[in-house]
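You will see chain A twice below: alongside chain B first, and alongside chain C after that.
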Partner chain A sequence: MTVFPKVDIVTVGAGWTAGIIAQQLTAKGHRVVSIEAGGDRFANPDFAHNHDSLYHSLRTGLMFNLSKETWTWRPNPRMPSLPIRQYGSFHPGVGIGGAGIHWAAQTWRFYPTDFRYRSHHIERYGEARIPEGCTVQDWGLAYEELEPFYTQADYEIGISGQTGNLNGAILQGGNPFEGNRSRPYPLPPLFRSMPAEMFGEAAQGLGYHPFPQPASILSRAYRDVSGRERAACVYCGFCTRYGCEVDAKASANVSHIPLALDTGLYEIRTYSKVINVNLNSDGLATGVTYVDLRTGQTHEQPAEVVILSGFTLTNVRLLLLSRNEVHPEGIGNDQGMVGKNYSYQLNKTPANGIFEGRRFNSYMGNSCLQNVIEDFNADNFDHSELDFIGGASITCGGGEREPIASAHNLQASGGNTSPAASDEEKPVREHLPLPSEFGSLIGASKQWGREWKENLRKNWDSTISIGIQGESLPYEDQFLDLDPTYKDAMGLPLLRVTFEFHENDARLYRFVAAKVKDIMRAMGPTHMDTTDELAPYNIYSYQSTHNTGGAIMGTSPSHSVTNKYGQVWDTPNVFVTGAALFPQNAGLNPTGTVMALAYFASAGLKNTYFQNPNEVMS
Partner chain B sequence: MTKNEAPKTQLSRRGFLKGVVITAASIPVVAAGCSPSEHVPPPQTGYQSAPPPPLNPDVPLAPTTPPNMTMLRTFTAHEARTVDALTARILPGTPDDPGAKEAGVVTYIDNMLAYQEGFVESTYREPPFAQIYDGETPPEEETSFQTVWVAADQIERYGYQSNLSPREVYRLGVIAVDAYARSKFEQSFVMLDEDQQDSIIEDMVSGDAQVGFDQIAAGSFFTVLRRHTAEGMFSDPAYGGNRDMVGWKLIGYPGAQRAYTEHDILTETDIPRAPQSLAQLHAFSPGEYSGSYTVLPVSGSEEEFPVHHDHP
Partner chain C sequence: MLNRRQFLHLCGGVTTGILFGCSSTSREPNYTVVIRSGNVFEPAALTVPAGSMVAWHNRADQVHTVTADPGKAQLAERVLLPEGAIPFDSGNLFSGDRWIYTFDIPGTYAYFCQYHEVEEMLGVITVTARIT
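Now for the complex of A and B:
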C-alpha cells in the first residue's frame, strides 16, 4: 500500500461535478486529486471514429462495467431483490467525464416551485393533496439563490436554447414557465427536425407553448471557460451513448478537466476505484482508500476534504460502506437518512404514429432536435380538479435514430404492438428470462417474416414518437440500502434499489398520455398506437439515468443528509454532489441542476469552507 | 495523469491531449505514485487506425478484419444451417431482395457467440440465481442449494436472470426447435419447406410450441433470434452481417456519416445518401485535436474569461 501525500480535496471519480469543482478550486490554488474507476478518453483519438451503434447503443460499450459491480432491485420490501444482470433501466458511465460523455445533453433549470415542493403544494392545494407515504420536501435552497450558478454554467459550458423568461419578461418562442433568467442563453437553439416542427404546430394549434429543447451542445462555435473555441455540432447522428468527436457536446473533459490539469494542481488517477472513505475517532474523514484495478493493490489518498462525486448510486453506496465507531451506520447516516427519498421518473412514449409515405430523416442529428411543451409539467397547470400532483415534459422530434433497436421495435402498421401492451398483461413464465431477450432498447414487438420486412422497407423512417419525462415522487417504501446477498468483485455488498411506481404516477401518466394522444392525432398519422395506462416498473427497459436522492439536502439533520452545499451534517469534511442530493426528482433532465449545484458547492468551498475547515457552513 | 510544470507554451492543452495517446500505456507509473515525466507525443501521421485500448473489456471492439463467412467458430454445421434457416424466415429474402440469409446474419451470430460464450455486453453473473414459483408462496422444498424464489408473474420485470449463456441458449434452442419440428412434421427444421418452417415459428411466437421446449421457452428463443437478426442485419458490416450493407439499403439508412446540414435534416427524399460503413468513413481532422479547428463564427467574448488568454 502507498499512502500518498495529503491534498486539499480528493474526489470520487472525474465526471461533471468533480471536473467543475477541480477547475474552480485549483484556480484558487487548492490541490485536487480525482480517483477514477475508468480510463481516460478524449475526442481525439478516442471518439474520432466511433459511429458504431452496435457497440455503443446495443452493447452499451461506454457504460460502467456491470460484471464487476451492479445494483440489485426489488419492487417493494416484501419481494426479493435480484441483481441487474444486464443493462436496462439506467446507464451510468465510467471513465473521465463519467456519464457526462455519453449523455444526451438536454439541459434544464428546475422550476422555482420544484425547490419548495412541499410548501408550495400545501400552500396552493392543502396538505391532503400530498399522497400518503410520500416524503416530498423542500430543498432548503431557493431557485433565486441558485440562479447565478445556473447562469455561470450556461456561459462557462455554452448552452444552446431559446430564452423564455429574461428577468421576468416573457419572451416569445421560449419556455414561458421557466424561472427568471438573469441572462439569456449564450447560444441560439439547435436546428429542429421535421417531426419536431409538426409537433410544434400541432401543440400550438391546441393552445400549448412549444419551444426548442435547451442543450449543452453548441449550435455555433463558442469559446468556453477553458478559453478554447469549440466547433458547433455537425449533427452526425451518433450522440447519446457516444462521445462527441468534435467536442460540440459539452463534457467535463472538453472544458473543466483540461483547464484544471493546466494548473499543475490537479491529478487524475485512472483505473482506480474508491472503496472506502476513511474516518478518524472525531468522526471526520481523513481521505479515501482505493484499489488500483490493474494491479489489485490498495492505496490511500489522505485529504482535507472528501467529495463523493460519482454517480448517485455510487455516492450513496460509499456513504453506507464507510463506517467506524462514530458513524456505525455509515457517513451521514447517524439519523438514518442515507438512502431515503430515492426517486426516478416516468420516461415513456405514450403515442407512436406511422406517417406512410413520409421520410423524416430521424437518424440525423441528436436527441436535442426536439420541441418541448411544459404546459403539463410541474405545477405549470392547475391541479385543483385533478387527482394527482406533479407533471411531465412532453417532447417530440429528437433525432439520432439508431437502426438496430428501431428496426427491432418498429411498430406494426396494423394492430397495437407497442411494448407496453404486453407489459400490461402480467406474463406468467415457466423459464427465467434469457440473456438478450430483453435489453435497454429492445421492446416486445414480435412482427416477423415478409410483413416485418415490408414494414421496415416502407415505414422505418416514417414513424414519430411523442415522449414524456414525468415526475415520480419519493415514498417511505422506496429507498436505497445495502443488499444482504449480492456482492461486488471485491466482496463488498451491492447497493439495493427498492422502487415501484405509485398511484400518483399512474394518475399523472393517464392524464398526460391523454394530452399526448390529442397532439399525435392532430399531427395526422396514418396509424397510431397509444399506451393509455402506466405499466408496472421494470428494470430491463431503458427509461432514464435520472436516479435521484439517497443523500438528500435539506435544512436539518433530522430530515436530510447534507446542507444546501452538499456538506454532510454529521461529517462536515465530506461533501456529496450530483442528483443524490435532490429531495425529489423533477420532470426534467437533472444535469443542468447538477452542474449548478457543483458551482454552488465550489463557491461555498473556496469562499467559506477553507476559512473554517470542518465547520458546517450556513 | 498530471500536467507537469511545463513552460506555458502554446502547446499547453494540445500537448497534453496529444500526450494522452501514450498516457494510457503509462498510467501504471502515475498510479504507483512516481512523478509523471513529460511525455513526448508520438508523431502524428494521419488517423490513428489502431483502436484505443478497450475501456470496457466486457464489450468487444468491432473486428478490424471482417469475419470469415465460410468458417464456423461456434456452431456445428447443423446448428449453423438451422439458425440460418430460422433467421431467413424471420427476415426473408432473395438474391435480388436480400434478407437475413443474404446479409450473413448467421455469420454475425456465430462470431458473436465466440466471444465470452456470447456475453458481448457487460453482464453480472454471480449467484444465487432465481427460481420461479407459481401460486401464492414458494414451495417448501428441502434443498441444500441456495436460490432466490420469485413469483412467475413477476420474474419478467427483473429482466435477464437465467443462468444460461447465450451460447447455451443457441445449443438448447436448436435442439428444442428440431424436437418440436419432428413432433409436428417428423423432420428436423432445416428439412422442412418454407411454409412448414413458418408454421413452427408461428407456434413459437404464440406459445403453442411446447414439445421440446423444456429448458427454454419457445417465445423467449424467438425473441433472442429476432433481436440477433436485427443486430446482424443492421449493425456495421465489420461484425459479419449486413453484407454489402443490404440491411441499411432495405430501410434507407446511410450508415456511418460525418455530418448533416440543416438542409439535409429538413429535406425529404426517397434517395438518401449511399450508405457507408465505418471502414469507409473518412478520417476526421487527421492526427490533430479536433477542437483546433473552428469552422463557424465564434460567439462568446474573450472578456468572459480573461484569465485564459494564453491559450490558442
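Now for the complex of A and C:
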C-alpha cells in the first residue's frame, strides 16, 4: 500500500461536481485529488467520429461495468432482491466527466416551490394531501439563495434557452412558471425540430405555454469559464450516450477539469476505485482507501476533506460501507437517515403518433430540440380538486433517433390507435409492451419479416412521441441499503434499491397522460397509440438516470444526512454532492440543480469551511 | 431604426432618453447599466423608484441598442411596458457611448438590443412608486 501525501480535498470520482469543486478550490490555492474509477477521455481525440450505435447505445459503452459492480432491486421490503445484470432503468457513467459526458444536457432550475415542497403543499392544500407514508421535506435551502449559483453555472458553462422570468417580468416565449432569474440565458435556444414546432402549435392552441428546452449545449460559439471559445452544436444526432465530438455539449472535461489541471494543484488518478472513507477515533474522516484497478493494489489518499462526488448510488453506498466504532452504521447514519428518501421519476411516453407520408428527419440533433410545456408540472396548476399532488413536464420533438438503435426500439403498438374514437371505444393496453411488439407501429405484432420491414421503411421517420417527466415522491417503504446477500467483485455488499411507484404516481400519470392525449390529437396524427395507465416500475427499460436521495439535505440531523452545503452532520469533514442530496425529486432533469449545488458547496468550502475546519457550517 | 445622426438630432426633442453629451440636463443618472462584451446588460434586472434616471454605458466593442419598442422587436410580445409608457429606443450606442432614460411611470419595462434580440440580450427595469 502506498500512502500518498495529505491533500486539502479528495473527491470520489471526477465528474461534474468534482470538476466544479476542483476548479473553484484550486483557484483559491487548495490542493485537490480525484480518485476516478474509469479512464480519461476528452473530445479530441476520444470522441472524434464516434458514431457507433452498437458500442454507445446498445452496449452502453460509457457506463459502469455491471459484471464488477451493480445494484440489486426489489419492489418493496416484503420481496427478495435480485442484481441488475443488464442495463435498463438508469445509466450511470464512469470515467473522467462521469455521466456528464453521455448526458442529454437538458438543464433546468427547480421551481421555488420544489425547495419548500412540504411547507408549500401544506400551506396551500392542507397536511391531509400529503400521501400516507410519504416523507417529503423542505430542502433547508431556498431558491433565492441558490439563484446566484444557478446563474454562475449558466454563464460559466454556457446554457442555451429562452428566458421566461427576468426578475419577475414574465417574458412570453420562455417558461412563464420559472423562478426569478437575475440574468437571461447567455445563449439563445437551440433550433427546434419539426415535431417540436407541431407540438408547440397544438399546445398553444389548447391554451398552454410551450417554450424551447433549455440545454447545456451551445447554440452559438461561446467562451466559457476556461477562457476557450467552444464551437456551437452541429446537430449530428449522436449525443445522449455519446461524448460530444465538437465540445458543444458541456461537461466538466470541457471546461472545469482542464482549468483545474492547469493550476498544477489538481490530480486525477484514473482506474482507481474508492472502497472506503477512512475514519479516526474522533469520528472524522482522514481520507480514502482505493484500489488501483490495473494492478489490484490498495492505496490510501489522506485528506482534510473527503467529498463524495460520484453517482447518487455510489455516494450512498460509500456512506454505508465506511464505518468505525464512532459511526457503526456508516458515515452520516448516526440517526439512521442514510438511504432514506430515495426517489426516481415518471419518465414515460403516454402517446405516440404516426403521421403517414411525413418525414421529420428525427435522426438529427439531440433531445434538446424539443419544446416543453410546464403547465402541468410541480404546483404550476391548481390541485384543489385533484386526487394527487405534483406534476410532470410534457415534451415533444427530441431528435437523435439513430437508425440502428431506434429500429429495435420503436414504440409498441396496441392500446388506443385511432385519434378519432372516443375514450370509451378504445382498448387500453393492459400490459407492458412485449418484446414481440417492439418495432410494430400499426398493429403488426412482430419485428421480423416482410411486413415489419415494410412498416419500418414506411413509418420509421413519420412517428412523433410525446413524453413526460413526472415527479417522484419519497416514501417510508422506498429506500437504499446494503444488500444482505449480493456482493461486488471485491466482496463488498451491493447497494439494494427498494422502489415501486405509489398510488399518487398512478393518479398523476393518469391525469397528465390525458393532457398528452389531447395534445397529440390536436397535432392530427393518422394513427395514435396511447398508454393511459401507469405500469409498475421495471428495471429493464430505460427511464432516466435521475435517481435521487439517500443522503438528503435538511435543517436538522434527525431528518437529514447533510446541511444545505452537503456537509455531513455527524462527520463534518465529509461532503456529499449531487442528486443524493435531494429530499425528493422534481419533474425536471436534475443536473442544473446539481451544478448549482456544487457551486454553492464550493463557495461554502472556500469562504467558510477552511477558516474553521471540521465545524458544521450554518 | 434610427441611425446615430438621426438619434442625436432627436435627443434634443421630446424624448426622455438622452445620449450623453447632447442634453442640457445637469442631473446625473441615479443608476447605470453597463453593456459588456458577450451581449450582456449588467445588471440585467434593476429595480428603481419612479423618476430615476438610468444610464446605459456601452463598454463592449460592438454596437448595441437599448430598445423597448414592440414595433422593433422580432418577438414583440417579449417587450413589456407599463400602461401609459411610451416605447423607447436608444438608437445605436457605439463603444463608449452612454445613453440616459428617465423612468416616470411605475411598472415593468422589458427591453432588448435590436442587434442581439435573439441572442437573449435582454434586460428588465422594474420601476416602483416614487419615493416621497
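To be clear about the criterion, the second predicted complex is superposed on the first by the 578 of 618 C-alpha atoms of A that agree within 3 Å, B and C clash if a C-alpha of one lies under 4 Å from a C-alpha of the other, contacts with A are read in each partner's own complex, and residues count from 1 in each chain.
We adopt the following convention: contacts are C-beta pairs under 8 Å (C-beta built on N, C-alpha and C of every residue); 3 or more make two chains touch, one makes a residue touch a chain.
Keep in mind the model is a prediction, meaning the values are calculated, not measured.
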item: Which of chain B and chain C A:237 touches, first, second, both or neither; value: first
item: Chain B versus chain C as contact partner of A:191, first or second or both or neither; value: first
item: Chain B versus chain C as contact partner of A:4, first or second or both or neither; value: first
item: First, second, both or neither for A:486, with chain B first and chain C second; value: first
item: Chain B versus chain C as contact partner of A:162, first or second or both or neither; value: second
item: Which superposed partner A:220 touches (first chain B, second chain C, both, neither); value: both
item: Touching partner for A:173 - first (chain B), second (chain C), both, neither; value: second
item: Contacts of A:83 with chain B and chain C, given as first, second, both or neither; value: first
item: Chain A: partner with more touched residues, chain B or chain C; value: B
item: Intersection of chain A interface sets (partners chain B, chain C); value: 186-187, 220, 223
item: Residues of chain A that touch chain C when the two form their complex; value: 161-163, 166-169, 171-173, 180-188, 220, 223
item: Contact set on chain C toward chain A in their complex; value: 38, 40, 43-47, 75, 77-78, 80, 108, 110, 118-124, 126
